[in-house]
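Across the two complexes that follow, chain A remains constant while its partner is chain B and subsequently chain C.
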Partner chain A sequence: MSADKVKSVKDDLVLQHKLFSLSRVWAIAFNTFTQLVRMKVFYFMLIFSVLIIGANFLFLNFTFEQELKILKDVSFGAMTLFASIFSIVGTALLIPKDIEDRTLYTILTKPVPRFEYLVGKLIGIIFLVAVSLVLMSFLFFAVLYFRQHGILAEEIKMIRGGATDAQKEYLKETIFAQGVRPELILGVLAVFLKAAVAAGVALVVSTFASSTLFTIIVSLVVYFIGHAQSLALEYYFPEGQIHGALQRFIAGIVAVVFPNLQMFNIFDGLITGQSISTTLMFRLIGLTGFYLTIYSMISWILFAKKEL
Partner chain B sequence: MMAEEIIPAVQINNLTKIFPVPFRKEKVIAVEDLSLRVEAGEVYGLIGPNGSGKSTTMKVLLGLISATSGSSAIFGLSSSETASRGSVGFLPENPYFYKYLTGAETLSFYGKLCGLSRRKIKERTSELLSLVDLENARDRRLGGYSKGMLQRIGLAQALVGDPRLVVLDEPTAGVDPAGSRKIRDLIIEFKQRGISVILSSHLLEQVQEVCDKVGIIFQGKLVKEGKLEELIEIESQTEIILEHADPKILDQINKLVQASEETRLLRSGKPKTTLERLFLKETRAESEDVRKDA
Partner chain C sequence: MDIIRKERALSIVTKLKSYSYRRLLLSLIILGGFGFVRIPIEMNTEKMLKEQGFRDWSPSMSAREQLTQASFVGSIGGFRSLIASIYDLRAHQAFRDKDWASVEKFRGVTTSLQPRFAKHWDLAAWDLAWNAYAYYRNKSEWAEDGVESWQMKNIMMPRYLEKGLEFAKQGAEWVPESYRLSMVVADIYSQKYNDPELASQWYLKSSQADDAPPYVFRAYATHLARCEGKEEKAYEVTSSLYRSTRFGTRALTLTVRRDMERLEDHIALSAANKMSLEQLESAALSNGSTYLDYAKLGMHLLEVKKDLKATLAVYREIVNDKNAPLFYSRKLLMLLARNPANQEQAYEALKKLLKRSPEIFRRQDLIEFTKLETSLGASKNNREK
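Now for the complex of A and B:
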């Protein structure tokens, strides 16, 4: 081979290399998603169905308000549980496994920057959580819709001598206020955002831990402390008491290490019929974006020089 | 043309890699002051016993781990740059892939990582699956592949981006003779296409036919390097192999040798085929028998 030709190889390589390529990130994300789907994670839908359909038959002696409330409670609870488990366990399972099986060698020896690998994994897992939440919401809304109509018919029947139109209208209004409302979608969105933050936490832990079990345990600890974070900060720094650089620094570190996950639990309010302000939603979205950016950066720093 | 203009496929300079041992004071020196150069289009064999530092050298070259000291580059680009892997195919030792993907999906995944277009991926996938004899397993998941099949899909994966340098870590380890023959044929084909190859092995015989140059590595140091024939020829000896030699000729040769002052006859007899050649010959005959029966 002539020298000219070899020299152009180097220039070619430099020219052709893309510093960041969305299609590579997408390839890794989609592969992650496929992998989880083929691990049959969607069988969880069976459990979810049993839970929320079962919830309808357990408490027959309650008022309709209580009944619908319990249905929503169980559904949101189960959605939060499944979404958070998927993000934490999914991340903890896949990244340490890639390292252990040395599958990572074949990926990183293609022209794939390590950052793209991490972001691809994160997106793939968050995508899986999104799809599973969409499926769960469909089922949830369908069951709720079915129940609210069932309850309405029952209540109308119970009125002796037949209900007047005004009575029917009143019942419909009060029952449906507890039924399917567009705001419930905001509750699902908040569950999704919380799970995305949890995935970010698990990403950071898995990049330095390289062990599935350790990643799950540490992420769960962070997850639970995250729910109490605001309480702790309030206790140590009562309102207006964050003075000086050091305290500010400590409060900042605590807020990054233990994300305030309690903020995302807006469905408690939703279930009792409160409405959700758009500002709050935007704050949650912004907060999620902030956490995911920080966590991607930290895991990249940990992973960039990691010896594989 | 000036010599320094020629950029080699691989250039490793005074590479040292030391692994710390956790909770201990002593350290493992995996590679020590190793320098080697693979010219473009050359097949280089890194030979050494287990634990001598072959894999470590390759991992530094591919940027999977960083050098303690020294440098390494591919086509003049430092291993620390992602762009240096723009035209590289790597087959790790004992490779594992995503077992939930089929053979075709695996190649398509790696093709996307190499930035190939959708059309190109389709083409390459079919081409490579037939090259490594896995067309029949195209739509089977890798979870059900045998060791040999994994090795072959690994080879196909390394080639998917049409690389100019192929790095193979123990490509023939754990593969049956027919499989390793096939791998050697492929390496010869790479060479004909101008692809540079660096491969490692702990068994010299398995690769000696294909390497232009061989480096012998022992305890992290490159102890000998050179063209293969030069390394293995025994300077003071000459070999004569005759076909259908009748006893009279042999007798005459013997007498000539005895008459000479310096020359001595060390050994005569029938040359032995290698066990491997025998195995290949017999199994080929076998499979032809089977075919005839069918």
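Now for the complex of A and C:
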């Protein structure tokens, strides 16, 4: 082969190789998802089912508001817990496991930029969290739907002499206001957004962490501070009372470094029947996107030249 | 071994060196810059969340004292609603154990964790103002020790009643858009304090909420009707309710009928005592007069002039008015029955009326009717029919 031909083949390869390829990212993401599914993570659905079915049948002596609220509380609590655990533990496990299995070397010796590898891993985790939340929501909404109809039938039956149409309509309106509402989907979305940010944090930590355990612990600490930071700031430095330089410095550091996860806690209100505006929801989605972009960038900066 | 150790140490040093400090610095700068960009956006978002009612709890020292450490951490960590439900269950258990101090404490926690959930306040008020109150009332009745009984009646019962009322009022402040808590306050004033004036004020407030069922406004009308010195206003409300339900689609309730009759009697009697016969006659005969003007005149003739014949003539006019409530027919027949010559005829007419519209007969009317029946010697079978 002549030198010119070799040069032209080389040029062709360089031209064909894109700096960023969505298909490569998707391939990594899908493999990450498959890898996690093979770890039998979906067994958690059994626990979730037992939890919400238990919550459905254990508190039958309460008023319907209490009964439906407990069902929603348990379901949302479990969703938050599982989604957060998946995002933190899953992300913390992936890079060390790839190193241990030597998969990482196979990937990185191919023309796959490290940034794509990281983004692919993050998307894979987020995809897993999304799928698990969809499954949990499906079960939760089904149980809530059947329960609200069951309660309605019980309440109508309890009215002496049979309920009038107006009474039936009133009961239906009152019971269903505490049952399946489209706003609850926004609550699930908020749980997902929070888990996505937690995955981003874990990804940053895992790029410089020396062990999986370290990543999990640090990420959990950040997760907790992320919930408490806005409240702590509000508590220690009430509005307009940050006077001292040290106070300002501490408040600033906490607010700048740690993500504000409290912002995503909207399901407490949605459970009790409040509504959230679309603008606010889009803001939360936008902020999550912002967090993930920045965390991916930081992860890449830390991971780009890391000795593996 | 030393060689291996040296190599390992070297490898760590190499790794650390290769890990560029510039990259670490750059990461921190990006993180900081990002922080400064997002903080104003987040503060704005928090403000919006507050405006939309999603920031109704903040972890103050009192909240920390009320909650266990795990619950406090859970509440901060996004499980506030779940923790509130757990405390709700604890309150229920305390209620079953009749441990009212714990009920009060746990209900306080649930309401402070989720103050915008009306049911928490409702249950807190119910447990204290009704359940704890009734518990101590029963206990005081059975107590053998006089001092203990006195303590329960004069200390425990009022204390829990006040606590329940306080919960209901705080709830009404937190959830003003719901009718429920204002109604609970009104119920406490009505059933426990026997204060129809305050009860009517709260029922009115409750009835103005969008989700208020129609019976709340009726409760307002009923309580207003019981307020001394507010009969005019009460009549205005009750008569509008009477007309809207009588000629509307909803059924007329017994309470509205009774209140309407009582208030019309009060107004008629008051006018009968204050005004002269000439004034009442000119009012009744003037253009635009109503059956109530005739009722005032009738009342004057009956109570002041003691003229039964003239009264009957006036009541006949009232009964012919389509707008007059049906109870005037009963009044007319009862008046007719006062004359022994008309008793038989009045009795038959009353019997038909009772069969057709039993709701317009009050307890005292039924007693009168039975007396009339007895005096006429109607058979038992006939009476039963």
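Operating definition for what follows: the second predicted complex is superposed on the first by the 274 of 308 C-alpha atoms of A that agree within 3 Å, B and C clash if a C-alpha of one lies under 4 Å from a C-alpha of the other, contacts with A are read in each partner's own complex, and residues count from 1 in each chain.
We take it that a residue touches a chain if its C-beta (ideal position, glycine included) is under 8 Å from a C-beta of that chain, and two chains touch if they have at least 3 such contacts.
All values derive from a computational prediction rather than experimental measurement.
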First, second, both or neither for A:260, with chain B first and chain C second: second
Chain B versus chain C as contact partner of A:307, first or second or both or neither: both
Which of chain B and chain C A:247 touches, first, second, both or neither: neither
Per-residue touch tally on chain A - higher for chain B or for chain C: C
Partner chain in contact with A:271 - chain B first, chain C second, else both or neither: second
A:103 touches, of chain B and chain C: first, second, both or neither? first
Set of chain A residues, in rising order, touched by both chain B and chain C: 305, 307
Complex contacts: residues of chain A adjacent to chain C: 59, 62-63, 65-66, 69-70, 72-74, 76-77, 80, 170, 194, 208, 224, 227-228, 230-231, 234-235, 255-257, 260-269, 271-277, 279-280, 283-284, 287, 290-291, 294, 297-298, 301-302, 304-307
Chain A-facing residues of chain C, complex: 14-15, 18-20, 23-24, 26-27, 30-32, 34-36, 38-39, 41-42, 45-46, 48-49, 52-54, 56, 58-60, 73, 76-82, 84-85, 88-89, 92, 114, 116-117, 119, 123, 213
Parts of chain A lying in touch with chain B, wherever the complex brings them together: 1, 3, 5-7, 9-10, 12-14, 16-18, 21, 23-24, 26-28, 31, 34-35, 38-39, 101-103, 105-113, 305, 307-308
Of chain B, residues touching chain A in the complex: 1, 5-8, 40-41, 59, 62-66, 75-77, 82-88, 90, 92, 94-98, 100-101, 105, 109-110, 112-115, 154, 157-158, 161, 164, 167, 194
